[in-house]
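Below: one structure in structure tokens.
Read from first to last, the chains carry the letters A, B and C; within each, the first residue is number 1.
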Amino acid sequence: MAFLEINGLHKRFGAVDVLKGIDLQVDEGGFLVLVGPSGCGKSTLLNTIAGLESISEGEIRINGRAVNDLHPSQRDIAMVFQSYALYPNMSVAQNIAFGMEMRGVPKPERDKAVADVAKTLQISHLLDRKPSQLSGGQRQRVAMGRALVRNPQVFLFDEPLSNLDAKLRVDMRTEIKRLHQSMKTTIVYVTHDQIEAMTLATKIAVLKDGLLQQFGTPHEIYNNPTNLFVADFMGSPAMNLIPAKIEANGGGCAVVLTRDGSTPLHLKAGANDAALRAHAGREVIFGLRPEAITDVSGADRNSSGVVNADCHVEVVEPAGADTYVVTRLGGREVIGRMRSDMQVAPHSTVPFAFNMDKAVFFDPQSERRIA
Amino acid sequence: MSVSQGTASVGRAPARRASGTTEWLQRALPKLVLAPSFAIILVVVYGFILFTGLLSFTDSKILPSFNLVGWENYVKLWGFRNWITALQNLAIFGSLYIVFCSVIGLFLAILIDQKIRIEGVLRPIYLYPMALSFIVTGTAWKWFLDPGIGLEHIMRNWGWESFTFTWIKDGKMAIYCIVIAAIWQSSGFVMAMFLAGLRGIDNEIIKAAQIDGASNFNLYRRIIIPILRPAFLSVFVVLAHLAIKSYDLVIALTNGGPGRATELPATFMYSYTFTRNEMGIGASSAVIMLMMIASVIVPYLYSELRGGRR
Amino acid sequence: MSARNSMATPETAVRTNIYVRALIYAVLLIFAVYYLLPLYVMLVNSVKPLDEIRQGNMMSLPMIFTLDPWRSAWSTAQIGVQPTGLKPYFLNSVLMVIPAVAISALLGALNGYVLTKWRFKGDGIIFGLLLFACFIPFQIVLIPMARILGLLGLAGSTPGLVLVHVVYGLGFTTLFFRNYYDAFPTELIRAAQIDGAGFFRIFWRILLPSSGPIIVVTVIWQFTNIWNDFLFGASFADFDSQPVTIALNNLVSSSTGVKEYNVHFAGAILAALPTLIVYVVSGRYFVRGLMAGAVKG
């Protein structure tokens, strides 16, 4: 039995269905990230786990105990907010200790707990300051300290890094990861940043319009997206999604992509033969990540499905470690990633290597993965 | 003619070698525009304050005179029983007014903040008294406080034969009538100020407090009300200022009476200056009023200007 | 633990149960009655004949409905020594308020513009002095102002009153506009300067058109304060320039003869009508503007 279980969760605001039947499980010590575009319901879901919102249907269990009817302070959870939500009129020490005070923990114990947490987070020198005197990063730590001192069963994070600048965000992300590894706590984390999701999570839940699109490990989500939305949402730069046709012939299937001003490109499909055959002659969406489209010598040597083809280069974007090369297939812009020392000029035609082992295919109508 | 007048208008216009005079004019224009207002204020506010201050040291009676008599007026002032009464009344009135308006205002604001559906209807009802002249307010409350037709009469009609409510005719209690009417007028406004303060509180703080297990009582006592400290300060300043200036309401409700029982510094000043022809005394009472207001306003303005602007 | 009725919505997370909510509504409604009661009593009794008032209950609805008190209050009631009703004084107020509001608002806007967009040395001090001027007790300026008005030949006249209200309103109007323009992006001004616009053109064409909200706040504030003023009216006005507040006070405070409460109430409502209408029509903008920082403190 999982440590945190969400079964059939529905949440309605009046007539509006905000969460439409969510099922999730998190093991003890796991790091679940809820990710999705604005309005997908991830924050609402987090609020229902916390108890700040009631649920219309379904069940939430923490360590086997059903908590849906419990007040937030009785669910043994702690939460870190996007705007940190520190009490402005109290000092850092008082902020951290407030929850314990409300629960009636005696002062000596409170002080010790605060001191311990402050040492872990390296904010001992800030204990007497007011939140207004702290920087963004320091406030973030105090907010985490307030959560840590509770020693809860589940930690909830609501986009805690969104208000920080880019460099600080990366630093804090590493800290959170480090804390998770050392303390082995169970975490549910909401973000709209899919890089954060990929780096922090042990399990990712992708949400859209209140529906769970896919639930799995970062590796699964990245390499085996179950539908078009997940494929497009995760990964930066995004996966190339190109309309294509499947041609079946004696030796196997080929993916046919139209090309402006040239003959269509035929790419021999890799291992997903059987599923693809069923769609022969039909339109599909062909998905391939930029890192699977490379220069010939930079292609993955372990793969047996690499197909080389000449393509016309439209734009070249040197990005330091790699060079992004844009071509046009199937009427769409296709981005490939080549080694930075490749001399590629715009408007030239160069060989591209397509690693078809990494290819995924989607049905254009249902948007579901077919192969 | 030198182009630079030392005035730094931030973000200089690109150098246009127009004639020196036009450029000088353009630069001086802002100051020229401000100057009349500033000069007027300098005269009618500060100049007049000085003038009245000067008069307070003279023996002016009906008309201003310039014979200096030192502190005589001030000494006489504190000998007047009316003045002492006025100050006592101000203390009673001021403190009750400020305390009750704040409490009622805060209470109503907290209630309305609980997602009340009829807020749109309630708020104008609570606030409209502020739009009324104090004379109208006085008129509106005079009936209620009049024994013959007001509360006493109504209560007796309803069967409570021995109910008496003659505060307004009672020398000792009349001041409380003024307090009642003043609270009616201003508490809605105080509510609006606190409501704005409450609405400005980040909702995530409330959520955090819930998770911390704070009961509603603790939530308000330990977190929300302390956060409202700036609002309390503003409310205090506004109300103290109104209380010290109170003139219209007293005139309308009791005209200082019965006798001179509801005398306040403002009515004292007016009657001694214009009716009793003791301009010097009147001037000195006005100066005292100014001191009282300054002692509240100046520290407040100082802290606001330092913390807020430049 | 049984479930509590959660009223938590996205905006307040404070939970209450249904009994507490009923109590809250009840308390709020009681207060609403408290605030409305005087208005109700005034309205209801302003349409009763005098006998009914004296014999009956102030709170009851009229048995006989008559508009005579209103007619009397407007045109025939005894104000001071003249039986003219409130009409002439009402007109005095109108003639006084409109110019005073317009002029003080315009000057306030210009001043606010200068203080925020054309910084110079000492403008902080000037602002501080202007700010303090808002709070003085007007009693302190009555004596010298009376002298000056006499010297200028404006004593006891409506223009004199307009002058007084303009100069003493300057502090507040400047404050309002200054706070508002402080938040107005200065880049727009600089862009206009680069385009060659001068001081006044920037004001008319760029700043003023975007000043809608603060103009509303300022006009309402000034209108209310000037219309409701009593002290200046009592000190500086003569019979032919007295505003309606003075007249109302004369009407209701007359100690001779029988107290015609119905006329008093009608008169009070008449006197309050303009500010009430202004408030009802635009009150929400006023409160919003005020809270948004038109008056910092």
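Assume a contact is a pair of C-beta atoms (placed from the backbone, for glycine too) under 8 Å apart; a residue touches a chain by one contact, two chains touch by 3 or more.
Please read these numbers as outputs of a predicted model, since none were measured by experiment.
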Far-end chain from chain B, centres as C-alpha averages: A
Chain pair that, of all pairs, has the most C-beta pairs in contact: B-C
CA centroid of chain A to CA centroid of chain C, Å: 56
Centre distance in Å when chain B and chain C are each reduced to the mean of their C-alpha atoms: 14
Residue numbers of chain C (touch at least two other chains): 13
Chain A: positions in contact with at least two other chains: 52, 71, 74
Residues within chain B bordering two or more other chains: 207, 210
Contact set on chain C toward chain B in their complex: 7, 9, 11-16, 21, 24-25, 27-28, 31-32, 34-36, 38-39, 41-42, 45, 53-54, 57-59, 107, 110-111, 114-115, 118-121, 124, 126-133, 135-145, 147-148, 167-168, 170-171, 174, 186, 189-190, 193-194, 198-200, 224, 227-231, 234-235, 245, 248-249, 252-253, 261, 264-265, 267-268, 271-272, 275-276, 278-280, 283-284, 287, 290-291, 296-297
Residue ranges of chain A touching chain B (in the complex, touch as defined): 50-52, 71-74, 77-79, 81-89, 98-99, 102-103, 146
Complex interface listing, chain B residues touching chain C: 6-11, 13-14, 26, 29-31, 33-34, 37-38, 40-42, 44-49, 51-52, 55, 64, 104, 108, 111-116, 118, 122-129, 131-144, 149-150, 153-154, 157, 184, 188, 192-193, 196, 203, 206-207, 210, 216, 219, 233-234, 237, 241, 244-245, 247-248, 251-252, 255, 266, 269-270, 273-274, 279, 282-283, 285-287, 289-290, 293, 297-298, 300-301, 304-305, 308-310
Residues on chain B engaged by chain A in the complex (per definition of touch): 202, 204-205, 207-215, 218, 222-223, 226-227, 229
